[in-house]
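Notes follow the structure.
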Amino acid sequence: MKIAFFGIGIGSKNKRNEWLEVWYPEPAYQIDIDLNESLLNSIQTNTIDASSNLKLAKTLSRSETENSVIFDESIKLLENQPPGLTITLMIEDKPPETTPECYLKLHCLSHRLVKPNQINLDGIFNYLKTIAWTNHGPIDATEIDDVITKMHLLGKRVDITSVDKFPKMTDYVVPPSVRIANTSRVRLGAYLGEGTTVMHEGFVNFNAGTEGPNMVEGRISAGVFCAKGTDIGGGASIMGTLSGGGKETISIGQGCLLGANSGIGISLGDNCIVEAGLYITAGTIVSEVDSMHKEKNLKKARELSKANDLLFRRNSVSGQVECLRNKSTVALNSDLHKSN
Amino acid sequence: MKIAFFGIGIGSKNKRNEWLEVWYPEPAYQIDIDLNESLLNSIQTNTIDASSNLKLAKTLSRSETENSVIFDESIKLLENQPPGLTITLMIEDKPPETTPECYLKLHCLSHRLVKPNQINLDGIFNYLKTIAWTNHGPIDATEIDDVITKMHLLGKRVDITSVDKFPKMTDYVVPPSVRIANTSRVRLGAYLGEGTTVMHEGFVNFNAGTEGPNMVEGRISAGVFCAKGTDIGGGASIMGTLSGGGKETISIGQGCLLGANSGIGISLGDNCIVEAGLYITAGTIVSEVDSMHKEKNLKKARELSKANDLLFRRNSVSGQVECLRNKSTVALNSDLHKSN
Amino acid sequence: MKIAFFGIGIGSKNKRNEWLEVWYPEPAYQIDIDLNESLLNSIQTNTIDASSNLKLAKTLSRSETENSVIFDESIKLLENQPPGLTITLMIEDKPPETTPECYLKLHCLSHRLVKPNQINLDGIFNYLKTIAWTNHGPIDATEIDDVITKMHLLGKRVDITSVDKFPKMTDYVVPPSVRIANTSRVRLGAYLGEGTTVMHEGFVNFNAGTEGPNMVEGRISAGVFCAKGTDIGGGASIMGTLSGGGKETISIGQGCLLGANSGIGISLGDNCIVEAGLYITAGTIVSEVDSMHKEKNLKKARELSKANDLLFRRNSVSGQVECLRNKSTVALNSDLHKSN
């Protein structure tokens, strides 16, 4: 049968027996698995037992040959039955309604099985608990104080790297052929295409990312996707829709350069440049300048959204924000994108 | 008797037997404890012994009913007497003169017992050692080289996350109902009100913070306090008084929005907006614009400090920095501030 | 004999027996060591055995008196012969051609033996593998998936803090008298002079750094060097040559201030200020203003590169970028630079 999302993972719970998080080594999207009614039912009602686990393992090893999804690691989990073993399955792409479903969908994004804005993540914040991510594993934030005191009395310490609903991606997924200088700045659910380098000042939210190869030294907000060859400069800001920004989901075309400390509240087409330090919001009034450097006409930046070959700058003599035809091409430094 | 600051903690020292840091599970501010002269004296001279410890434990368990300060964890420490047990007490709010006093005051801020700028932290830098914060605990920075070599010869590594006078807050305090995406960016002594979310690009120094709920994606310098409902956009800068900034301690009113990559060197009243990418220093000359968009008059930004309902922007056609009456209201996305 | 680079270290390899990284406790630059032909040969061909190790240890203990290089720790390594022991020697300063040579050169920078741009690092990216830096040590990024699965089946987790070709400096070198609030933002190969404080928003790439004392709250790109007393404000950007920037390697003189969220694409001489929020690229047209505030003439910023005593600002009334004679002096807050 056709299944939208499928994964076998290991997860953990809080003291009230509620799911905190799940790791899926081999999440799958839009696959065909030969599940009989009773196996499907026991997965969905979470009543799968040891013998059903082994039946599922056999089914998955057969599936491999049919549709080239490889479940080697998942089968290992089913055979070993480690604590926290869980099977998650969504027949259709509906809004997630459990923590495991949220984690499965976020895994699919980071494993590059689906692109940002391609799947339904409505209401995801409601099913993700605030977790203290520690050197002793994930702990429900409301239970952390007890753990800290107990550890101190044992002469040990709890190192908490984050108190957040979303984990960092590399706790769950390390996609091939990327570099991430500081992993705490890429959330699970980020999509990093092959050849993406996220430098120390880069940031990628969930449901956002890069086609690859790309250089990311600025902040890619939730919902934003950057096509290949684009360079997001140091400290550059891309407005998101979650907080403080506008309502349009922003995309950036191929071969663009957002200069250092620049920002955009509009989408860019291909081969565009925003000058270092310049912030273009949707409401910025931009003066279109022709090749003779004569002023053409004034437009709101949102009218230029998704147009190709534009160079945005603030004229340093007049102070006016201008838009010129961009004739140069941005080239990434290939040395920085090899990840041998 | 009335006591300004009180705490029972576990601390560590360097090889010269000097205090490095102390963790206090239940710091207290302005409380009444029934201490007799001899108990007080032995705490102050640091000569408290096992039997005095138990007397103090009894005193504290009685105090609980009187003024609703709960010392459950502290009593546990007194009874267990772990290595590094220490009792710190300051009758008045004077400048801190020992490392434990500094840590106690910083704990009180992060536990929300006092607000930024409310207590005396004069000279705190002089009593805080530069510490290498490692996976093997805090180590005096001058002693770290030996530890590194020894560990390497044992086939182990020392992971140093910070070499600094201030630790990250979550090593000592995890206040309820907050999210901190990257804990390394919030120092002990930060005050994060209920419902505060500090995103990856957010930063909060000691003696600074938010009333809550707030969204923090920019940098809150030492001394700065933000009232509720205010959103500090990605990469936004607020000038501090410690380094490079001016002399005025900045505050921000309710319901303000600092746009992404913006900055301020003045205080804001309620309901103000600073456009993304615009930096308003105290000396910026601002043109007040009325509702008819006619220029009114030029003022230094510092004359507008703490005024309500202002919208600051740089006119994208004239290049002039303008100040308009702000008619919109900033609303935080409540999904982002739930921390269930 | 004269040797350009010399170090005895402990390193690790991937499963294909290729070097990943090496730690050298006492790297040396331009020294004279009394090596006979056979010892030199066995070091260079990596065929040194236990008895040669001890011969080298004796040679090094004699060297100490001659040229004041102290090899106490290196001798300890030679005597203990821990797994991964390696000796690296480059007679001349040629481009590095092995991973150990790269690490040795980067160590020399961070140990302050050489300054940025002083040694040959050509092609260094080609000899550095992309490594997953984990709580279980450095692991080749192409081998990390296996480790993650194995650890999960053991109920353990792998914490990956970085997936990058360069490690953070403090994994290898902790120079004396510096503070680094967040060590993940300073790469091995950074040169941090005495009294340098790198705050949470600061960043220093390899082959870049500060003379000291300095305050660093912005980003120092590869190749950039800042003279003493200079303050790089929060989020300030300095254009590098590796990605997106120009071709000129930027330097900054003494006593400069880059305001918060400012940026430069030109070099600065001594005693210069760039206003908060202003980005000066090489092509910015700057209006030189004399003391009477009359406009003098227009210049490209690159013509002002390396000039002293300049104050750059954007006139907040006219929108024009101006350059004035700077009369004030920048003074670092000495409290912030003590690292006792």
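Just so it is clear, A, B and C label the chains in written order, and each chain counts residues from 1 on its own.
What we mean here is this: contacts are C-beta pairs under 8 Å (C-beta built on N, C-alpha and C of every residue); 3 or more make two chains touch, one makes a residue touch a chain.
For clarity, every value in this text was computed on a predicted model and none was experimentally measured.
Engineer: For chain A superposed on chain B via Cα atoms, how large is the rotation, as a multiple of 5°?
Structural biologist: That pair's rotation angle lands at 120 degrees.
Engineer: Answer with same or different: of all residue numbers used at the interface between chain B and chain C, are over half used by both copies?
Structural biologist: different
Engineer: Nearest whole angstrom, what separates the Cα centre of chain B from the Cα centre of chain C?
Structural biologist: Spacing between the chain centres: roughly 30 Å.
Engineer: Could you check chain A for residues that touch two or more other chains and list them?
Structural biologist: Counting only residues that touch two or more other chains, chain A contributes 135, 161, 184, 235, 261, 277-278, 314, 318-320.
Engineer: Residues of chain A touching chain C in their complex?
Structural biologist: For this pair, the touching residues of chain A are 10, 23, 25, 73, 76-77, 80, 82-83, 135, 137, 161, 170-171, 174, 176, 178-184, 200-201, 215, 217, 231, 233-235, 257, 259-261, 275-278, 314, 316-320, 330, 332-333, 335-336, 338-340.
Engineer: Show me the residue ranges of chain C that touch chain A in the complex, using the header's touch definition.
Structural biologist: 125-126, 129-130, 132, 135, 141-142, 144-145, 148-149, 152-153, 155, 157, 159-166, 184-185, 203, 219, 221, 235, 237, 239, 242-245, 261-263, 265, 277-279, 281, 284-287, 298, 314-315, 318-321
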